[in-house]
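Labels A, B, C, D and E are assigned to the chains in the order they are written; within every chain, residues are numbered from 1.
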Amino acid sequence: MASHLLYNIEETVAMILFGIGFTMLLLHRNLIRKIMGMNIMDTAVYLFLAAKGYIKGRMVPIVTDGILDASAYMNPVPSGLVLTGIVVSVSTTALMLALTIRLYERYHSLDLDQILIQVKKEEGS
Amino acid sequence: MSRRKDNYETSRWRQFMQWLAGEIDPLTAAKVGMIQEKAETLPDEKMERGKVSTLQATPGNESDEREAHSAAAQAEKAAGQAKSAMAAEPWLNQPSGESRGLRLYRRFYQVMSILLCMGIISVLLWTIAYLPIFGNAGNPDNNEVSARYIEKGLDETGAVNMVTGMILDYRAFDTFGESCVLFIASCCVLVLLRIDNDGGSESWKKRQTEANDRIFEPKNDIILQKCACVLVPVILVFGIYIILNGHLSPGGGFSGGAVLGSGLILYLNAFGFQKAERIFNGKIYQRITVSALTFYCLAKSYSFFTGANHLNSGIPLGTPGNILSSGLILPLNICVGLVVACTMYAFYTLFRKGGM
Amino acid sequence: MNQILLCVPALLPLAGVMALLISGIFGSRRETDSGKDLMEKYLFWYVAALTLANSLVLWRLILWSGEGESLVLFRLYGELKVMFCLDKMGKVFAGVISVLWPLAVLYSFEYMKGEKRKYTFFSYYLMTYGVTAGIALSGNLMTLYLFYELLTLATFPLVLFPMTKDALKASRRYLYYSIGGAAFAFLGLVFVLTFSITGNTAFLPGGILDLGRANSRRNTLLFIYLLAFFGFGVKAVVFPCHRWLPLATVAPTPVTALLHAVAVVKSGAFAILRLTYFSFGTEFLLGSWAQWTVMAASMVTILYGSTMAVREAHWKRRLAYSTISNLSYILLAASMMSSLGLAASLCHMVVHAFMKICSFFCAGAVMHQTGKTYIYELDGLGRKMPITFGCLTVASLSLIGIPMFAGFISKWNIAGAAFACGMEGLERFGSWGLLPFGAVAVLLYSALMTAVYMLTVVIRGYFPQISRQAGGDLSRPGARQNTPDIRQGNLDPGWRMLLPLVIFAAVIIGVGLHSQPLTEFLMVIGGEGA
Amino acid sequence: MLVQNFPFFSIVLAMFSGILSSVLNGKQARNVSLGVIGSTIIMSAAVFFWCLGNGESYTYMMGHFPAPWGNEIRAGVLEGLTALLFSVIMLLSVLGGMRHTFEDVEPSKVNLFFIMIDLMLSSLLALIYTNDLFTAYVFVEINTIAGCGLIMIRQKGRSFSAAIRYMIMSQLGSGLFLIGLTLLYDVTGHLLMSPAKETVASIEAAGRYEIPMLVILAVISVGLAIKSGLYPFHSWIPYTYGYATPTASAILSGLVSKGYIFLLMKIFYRVLGQENVIASRMVNVLFLFGLAGMIMGSVHAILEEDTRRMIAYSSVAQIGYIYMGIGLGTESGMVAAVFHMFTHSATKALLFISAVGLYEVSGEKKDFRSLRGAGYRNRLAGVGFTVGALSMVGFPMLSGFISKLLFATSALQSPHKMMLTLIGLAVSTVLNAIYFLRLVITLYGRAEQVAVKGKQRCSFVFGGAIVCFILLNLFLGLMSQPVVRAITEGLEMFD
Amino acid sequence: MKGNMILLLPVVLPVLMGAIALGGKGFRGNRPLLLGVVFTGLAGGLLSTLLAVTGEAKLRLWQLTESVEIGFQLDGVGRFFAVLTVVVWFLAGLYSVTYMTHEEDESRFFGFYLIVLGVLIGLDFSGNLITFYVFYEMMTLTSLPLVLHERSKEAVSAGLKYLFYSVAGAFLALFGIFFFTAVLGDLTFVPGGVAEAASFRGKEGVLLTAVFCMVVGFGAKAGMFPLHGWLPTAHPVAPAPASAVLSGVITKSGVLALIRVVFFIVGPEQIRGTWVQQAWIFLSLLTVFMGSMLAYKEPVMKKRLAYSTVSQVSYILFGLSLLEPTAFVGALSHVVFHSLVKNALFLTAGAVIFQTGWRKVEQMRGLGRVMPVTLGCYTAASLSLVGIPPASGFISKWYLAQGALSSGCGAWTWIGPVILLTSALLTAGYLLPLTINGFFPGGDFDGRELEERKLLGKEPSWQMLLPVLLLSAGAVIFGCFPGPLLRMLSEIAETVL
């Protein structure tokens, strides 16, 4: 099975990246790094999808020379999904960054734990 | 529940539950203690430590103070450093076992993070070890779906670029949803960052000045302006090209829109807000976005409705390969491009000064 | 017509209360001082009329409703119907409450005189009547469960009524316990529904379990029975779930008396009887470990309740502990799972209602007239309040189980049932059969404790200790001291409080002397039920 | 049939109104929103009754291309019912929290709030109706972002930190969901549910891809569980629900998490195949998590002093119920879960809205003790809260009782989990009683402080919303039979 | 309701009169009227009892429940006890006319005094165990006011102690009653027992437990160990006539109860040779010995007499426990003798208190000079109790010892008599010193103190003296001419054994 991982090196890398991104998003305390983690995670998925769409020896799915044969082109679906996914991740990234800005403006920290402590103090007072 | 409030607040059970709930952790509890006892001088430390009531607060004050200093310094630099890097150094030199619990906790946290990461990765790798082989034409995803997209896409959508044809015609609903994601994200950013003039109140002015970073902006940087003069039109034209040729070549509304947006951002950077706002401001942004999305919405609704009811949509597909072809794809690409461009630009301005 | 009448006792008070509450909401704004007395008068007549009417309807039903008449009010879910039906056992319970309620209302009018929030009090008081009647009339376990839950809701404002910290605490605990208990009782409901032979939960004498299916999962069902027993047992104050009752005595005495000595706790016991004899059925339970557990639990409760009552110095709380132990008499009898047991437990249910309400009302009368709440404050009151203390003596003796009083009859029956069960048990189930004999022993221990905690009150009332001067020579003929004339001033309360007391005492003696009709009727039920 | 277009209409209408609202002012946006929600109610009802009448479900092409190629939505009895209830609850939540919305949100941003509402509605409807996994993903994201917008629209430090927590957890969930989706696509080559299911069936039959299928199931379940706040992943719930504006709290707790759960069920039934799901151990995991959530959520709530956080923790418990129902792995367990979804939506929204009504007469303090006597100051809100609390506790005649009953009866059918479920139910009821009734008693305790400044008369809209919520609860409690029948029928149509 | 109504008369009449004395408002301050009522009651009770016992009669009054019947019937034992009770009651009543002048609340005392008489007669006439139990409980409750008459702290606590011991005993016994009702159904007294061995098959253990419970329970009233504790506390605090009847008669109701249970319900055959009998013998002997020892140590006169009662009543119980006719006769005769003697002794003690206020034995040196007649009576009664031959105690003890020797109860055949003898010695040891010190105070006794207090030759009034005289005379006379009594008792013994 390990050999399989080597054949599918793109997917292997994608999964490792996913794991790293996921962990960063979950456990890192710095907000910017969390967002980076999120992006890594998303990107890993796109890499995985892109790898899935690739077929050896075929063309990109744009009709050239009027050839309309399924065996001539790669699978267009993953590309479309990646496209959609990118926009989604851009949107969420923007939103997260905007939130981070507001939090930073207010608490002067990017450390989520610090922020939560200060929030707590604010409530207390 | 007959427990008294005051007992309960300080009880270990409560702290444990809070910790479970992620509200505090031993570390942060220590910090709370730190903030209260910041004024304490070092010689008193040992005595004071005896008074610290909570379990979590006991890991010494000195380390906390140092950490607080470093944290404050970092906050000033506005750079989030990795907590391990920030935390590890001062403590390794700690002579006594005061910060032991804290240090152990950090270590534990780190180790656990790595273990979790490894765990997720290994599970996923284990999974993909059983997945189809990379680049193989016989994989399950190369089935009748992609075959039809390729073989009949040209006839059915009129788009030469099959990906565009797929996302804007076969799976147009997804794409519409995706535009809505962008739209709602921009709305959220607006909520967060737009600074509305509520009659010139103090808070407004304060936020306005806080958010305004125009002092850092290059003022009339001649090199930049000249370069921009050359580049911006090229970029804009390129973006328009990408949008208009979305159904013919790689590209489309999203990518083209992003290029357009970056051109506008360059323009803004080069010539400042005042000039930029002459050609593009909040109202224009709003109008463009709304009209583009409205058109998108109406057009696609029409197409969905006709499609679902097996009616002929009556939109000519034109000759594949021409600019004016493939039915609704071109106008939709334009709409998407406009929306994306506006949104990108809006993100940028909002992030910088909280308004357009 | 008859069918429709079946739902009246449950719904009439509820409707009346709605009207009262609404009028209270709107009326409170216009209320002036001069109008207030008038309003109070109207309130009295309104409540009295409603209560009486309801009792009359109940008696009409008890006397002339045929067997098997039932009324389905609506369908809750699937086979879960809200159904009213008055069978013989229901008649017993309905009869008790229909007698007690009007008298209690009469009593509380005197007791609550001068209280500001009469509207609230009487609304919920009436509402509780309806709900309790609903329990008596419920024709299936679902309806019983529904009214059981409603009872919690209707009575908790009454516990909360004094609005003191204690009351808050008490009502909170009462709610937690009751709702929690209902949660476990609910499991019983579900199982009965699932394993029912009729497909629904309607009560049938002898139970409705499909024995073939039930026996295949016997232990589970027995466990569930236990859970349901303890669930309903919360209201019937079985041992581990008893702690709300002594606290709940903070409520005004009419509430404590009627609700926590009669309506609420009896509803719990009634529900357990229904569950045991009319849902699970004795055939299934007899000889099982569940039976022995239930029996042991009631025994423990009896021991606990009567011992704690002796320790308690607060009069009403002492009575509450007494209630705890007496309720478990009922359960103990029920746990014999025989026709004798059912009859005995019903008998004690009826009798205890009268005894306990009488004792509580006496305590309330003393509280109301003198403000004394602790036992050690009662010295010599027996002379000042002769009628009250006379009634108290009757109730006490009856509670102890002195022959010629009603309490003896029920204890006699319980012991008879226990022995019968023990005899049979010895033959069929080996050494488990000894448990009922132990039950009798517990019963007697409790009777002794009852004597201790009830008679100390009475004796204090009648024989106040004379504090003689220390060292005074008692023996010298001339050394008699003039005791202060303790007969001065008759403190007996007004007729509205006395009348119920006297009636209850009379009933106790009457039943004690001539209980045959009652016991015969109960034996019929017992014969059907097991 | 025109009716068959209604799901599509309602989704698009909601989206369109959202788009349009960005150029309207707050009041106009509100009116548009209300209109849209109202028409959604009507359309969902029409769809529901049409499907019920015809006894069938149908797929609806979004475009000119049939199933494996074009996007599709699907409407059936269950979808119609869920959409109907969700839109009703949404309408009531919006109405109930209306005044607070205008108070909490900056005046110039009110229209943005209603954009969030509109898009939230559309995304919920899309999640309900979707027949395409990727569409589901996209709308999950819309839902997430709209939810985040609803949380932070009340611009306070706390709500920002709550929003960022929410976003982080949601993104984790989305990421897992997405990776699951791509893996599934990799294995099956389909994104639409029906063909994907066929492929899954053939794969299962062939015995291939066992491990990937298991991981896919796990990843998707965990992803959606994180997003819906199942117990070990619940830590964001009290923050988000506790600090948002009332409407947002009501919608978030009542509807958003349910949308994900509905999606999960749909994936179970329509993609992975319920029997495969049951055969894998995943249901047991969900069951255990659900059970733990039931207990721990309540325990947390008991330890909580802040009323709204208490209610939020109660949501954790109730979501635990739902997952427990799913985890039972029986048809009736699923029915119970769906019914409890409805119950909880209706009740939790009621609780949040009425809690707000109580707050405003008690000085807006967080501690629940400050609510003492509030039940007299705002009677309707008090009654509403009491009804909600009793329903959560499982009082007969209210909706909570029926769901409890359904859970219990369905537990009887899976012998191994029966005892755990039943004990869990009972214990959880006790715990529920403890914190909810503590609140209720507090509400009707004697007020120590005099009623805080004015506004004692609750507005007509607020009152109407509360009354409607109560009626909804009563309806679900008393007339549950048709609802349950419809759910059963709908679940059968899923296959 | 059928049967001879005359049986009701001795029960109802005193109760009625007592109720009148108790409830009538006019008696306060009108002593003659009160006494009139009281003596009407007493005399009525006496006469009607005598009238009633002459005939054979049964009376079923009514049913409490199906299985619980209130009914009366007369038999030898009942007659015997009834006559004894009523006679002693009358004499003690006579005594209290004077005695009660130094207590308060006479009407209450007399009221309850009469009521207890009625109840006791009811007890004696009871036709079945249930009725018996009913009267037994009522006796406890109605005699309670007599104990707490003084209402001092000690009196009230002693009263409560009395109450709780009695009730505890009654409830223990009730266990047995429940059992027998469950097994036998009908509990009408039948000489020799109604129980048949067959009906207890398989339940012997429970049967014996039940019997044992009843022995211990009813034994409480008779002051048998382990429930004897109330007796030395309760008797001394009561007014002297009350202690006299408590000690002399009411303790005997416990004896009667055991007779009824063992010989009329269970049947001696059921328990002969079982552990219950062993335990019973053991307990009674233990009580005999222990009571004597405690009495010997006790300085307070009335308490010492109370301990003596503990010891002496257990003589009777010992006699019963042997299940042997001779011992049975001895036991019953001891009932009579002890009643007379103990009444005499208590009344003497009361007289001493009444006249001098002396309570402790050591104060009573030279009593012979104060009240020689009284002390003479005391001496006669004491000697009778010790068992000096011509006096009555000898007869009963003789029979008891003889019964023990012929009973065949293993070791008890010789242990019993030994303990009886020891106890008799102890009895002499605790009773006679008063006589000796009273009449022969010794050389160092200074009589001046008596003179100062004007106590010399201060005999009590005739109302007090007469009963004492009669009782002690009875004690002696019965000893001299025991024939008729013993014949009657033998007849009874034959019927039951």
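Following the convention adopted for this analysis, contacts are C-beta pairs under 8 Å (C-beta built on N, C-alpha and C of every residue); 3 or more make two chains touch, one makes a residue touch a chain.
Nothing here was measured: the structure is a model prediction, and the numbers come from that model.
Touching subunit A and subunit E together: no chain.
Just to note, of B-D and A-D, the chains joined by more C-beta pairs in contact are B-D.
Summarising the inter-chain layout, the chain whose CA centre lies farthest from the centre of subunit B is E. Subunit A and subunit D have Cα centroids separated by 27 Å. A separation of 11 Å divides the Cα centre of subunit A from that of subunit B. Averaging Cα coordinates per chain places subunit C and subunit D 44 Å apart.
As a whole-number value, the distance joining the C-alpha centres of subunit A and subunit C reads 68 Å.
For subunit A, residues that reach two or more other chains under the stated contact definition are 18, 22, 26, 31, 52, 77-78, 84, 88, 91-92, 95, 99, 102, 116. In subunit C, the positions touching at least two other chains are 172.
Chain contacts: subunit E has no residue touching two or more partner chains.
Per the touch definition, subunit B reaches subunit D in the complex via residues 1, 5, 8, 13-14, 17, 21-23, 123-124, 126-128, 130-132, 139-146, 148-149, 156, 169-174, 176-178, 180-181, 183-185, 187-188, 190-192, 194, 196, 198, 286-287, 289-290, 293-294, 297-298, 301, 303-309, 313. Remark: subunit E residues 62-68, 101-102, 104, 130, 133-134, 137-138, 141, 144-145, 148, 150-153, 156, 159-160, 163-164, 167-168, 171-172, 174-175, 178-179, 181-183, 202-203, 206, 209, 353-354, 357, 359 touch subunit C in the complex. Across the complex, subunit D meets subunit A through its residues 134, 137-138, 141, 144-145, 148, 152, 155, 157-158, 160-161, 163-164, 167-168, 171-172, 175-176, 178-179, 182, 185-186, 191, 366.
Across the complex, subunit B is touched by residues 4-5, 8, 12, 15-16, 18-20, 22-23, 60-65, 68-71, 73, 106-109, 112-113, 115-116, 119, 122, 126, 132, 134-135, 138-139, 141-142, 145-146, 148-149, 152-153, 155, 179, 183, 185-191, 195, 199, 209-212, 215-216, 235, 238, 299-300, 302-303, 305, 434-435, 438 of subunit D. The touching residues of subunit B, when paired with subunit A in their complex, are 23-25, 27-28, 31-32, 35, 71, 75, 78-83, 109, 112-114, 116-118, 120-121, 124-125, 127-131, 133-137, 139, 141-142, 145-147, 149-154, 160-163, 166-167, 171, 174-175, 178-179, 181-182, 184-186, 188-189, 192-193, 210-211, 248-250, 252, 254, 320, 340, 347, 350-351.
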